[in-house]
Amino acid sequence: MDSTTNIQELKEKIKKFCDDRDWDQFHNAKELAIAMNIESSELLEHFRWKKDKEVDEMFKDKEKRQKIEDEMADVFYFLLRMSDRYNIDLSKALETKMKENSAKYPVKKFKGSAKKYNEI
Amino acid sequence: MDSTTNIQELKEKIKKFCDDRDWDQFHNAKELAIAMNIESSELLEHFRWKKDKEVDEMFKDKEKRQKIEDEMADVFYFLLRMSDRYNIDLSKALETKMKENSAKYPVKKFKGSAKKYNEI
Amino acid sequence: MDSTTNIQELKEKIKKFCDDRDWDQFHNAKELAIAMNIESSELLEHFRWKKDKEVDEMFKDKEKRQKIEDEMADVFYFLLRMSDRYNIDLSKALETKMKENSAKYPVKKFKGSAKKYNEI
Amino acid sequence: MDSTTNIQELKEKIKKFCDDRDWDQFHNAKELAIAMNIESSELLEHFRWKKDKEVDEMFKDKEKRQKIEDEMADVFYFLLRMSDRYNIDLSKALETKMKENSAKYPVKKFKGSAKKYNEI
């Protein structure tokens, strides 16, 4: 598994992992959304009270970086699990959303504009 | 972009989208983690006050399904953006985490055990 | 401090606690909102994967109940801290919001109506 | 209702509001914790992408200030509702937690120490 692995393969690996443990019974959309919330809060917790500069420093520390990657993996795991359970094509969903965002945030208007971004 | 698109391609598409708008200045890890929290709460909000059966019904309604997919795409977008900004290989991070979880939740002990899962 | 203690007294106790440690420098609204998010996710984590019946059982277990109360106290602490730092009268804010909600959810329409509540 | 109103009175007002609408059926601890998460994310959303200085400016704008107060009221509402439903004395819970924190973060060690606070 690396950056050339496609989404379908990742979903299947997770499905096998969960099937082996008979975990379908717990993994409905509401529980998976709860799990995503908890994991993304654990990710945010690493940056609590930190200034921007301190945040960037954390990624140079191997151990801290690993912990951050672990939390990101947890969010990803539940996101993929949900997309597998409900037959959602994450890449297509992302493409649809990005098309909408391209129209909503035209380059001409938003380029380099901190002020406008702040109003999003 | 579909389920055979790999993670690297998705990251590059998002990078281009953000570069075109000069958004690097806003996208440090802390802000991206905040964004992931907000988007995963918006996802959860769709299921608020709903019983399991009602949750599953939502996915049969085309419009509701689309809204849920949109929120999932938002979480995915910020997760990919963070992994691109900090050179994190999400698939490898996921693989590492799943190896840990395989050891932590052995099939023999967890298979079909609601009780044990609840103690996680 | 008990249920007859008023909000003002609670805010002042927290203010003294933070002043003693010179913590104003960390407690701007954004950081406090981040903290509230993290603590309310820790609260939710106690109920993850649990069915309604199991959730209610938890409150009969003294130790589990204490842990839940601790997380609620953490949310309350940051909420009071924010209201003190920005001169917000939480009771008045609550009263204002409840008046709006009284108009938004009239008794006649909502009483006993699970269906309508679900559409909120 | 103002800053001299005590917690017990606030809980009773909310109880009456919910009893009038027969909402006990929705308000178990898990749903209330979900609601707290969603509302505290809506609070955080107001500060998304904002620098510290911009955050403080928001409180000078009457309309923005009102929106922030509304979100804080929402978090407070669900926190009070949960404490009423499960007979939790929020002030006592807060007192217990602050005693623990006084021991955990002694004044001598933490006063004025940004570095130490960051390690919390």
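Going in written order, the chains are labelled A, B, C and D, and every chain counts its residues from 1.
We take it that a residue touches a chain if its C-beta (ideal position, glycine included) is under 8 Å from a C-beta of that chain, and two chains touch if they have at least 3 such contacts.
This one's a predicted model, so the numbers in the text were calculated from it and none came from an experiment.
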Pair in A-C, B-C or C-D that repeats A-B, with over half of contact pairs matching by residue number:
C-D
Counting C-beta pairs in contact for C-D and for A-D, the higher total belongs to C-D
Whole-Å gap separating subunit A and subunit D, where each centre is the average of the chain's CA atoms:
27
Could you please state the distance in Å, as a whole number, between where the Cα atoms of subunit C are centred and where those of subunit D are centred?
3
Please output the residue numbers of subunit D that touch at least 2 other chains, ranges allowed.
26, 34, 37, 41, 44, 48-50, 117
Interfacial residue positions of subunit B with respect to subunit D in the complex:
26, 31, 34-35, 37-38, 41-42, 44-45, 48-49
Subunit B residues within the subunit A interface of the complex
1-8, 10-11, 13-14, 17, 20-23, 25-26, 28-30, 33-34, 36-37, 40-41, 43-44, 46-47, 50, 52, 55-56, 58-59, 68-70, 72-77, 79-80, 82-83, 86, 88-98, 101-102, 105, 107, 110-114, 117
Where on subunit D is subunit A touching in the complex?
34, 37, 48-50, 54, 117-118, 120
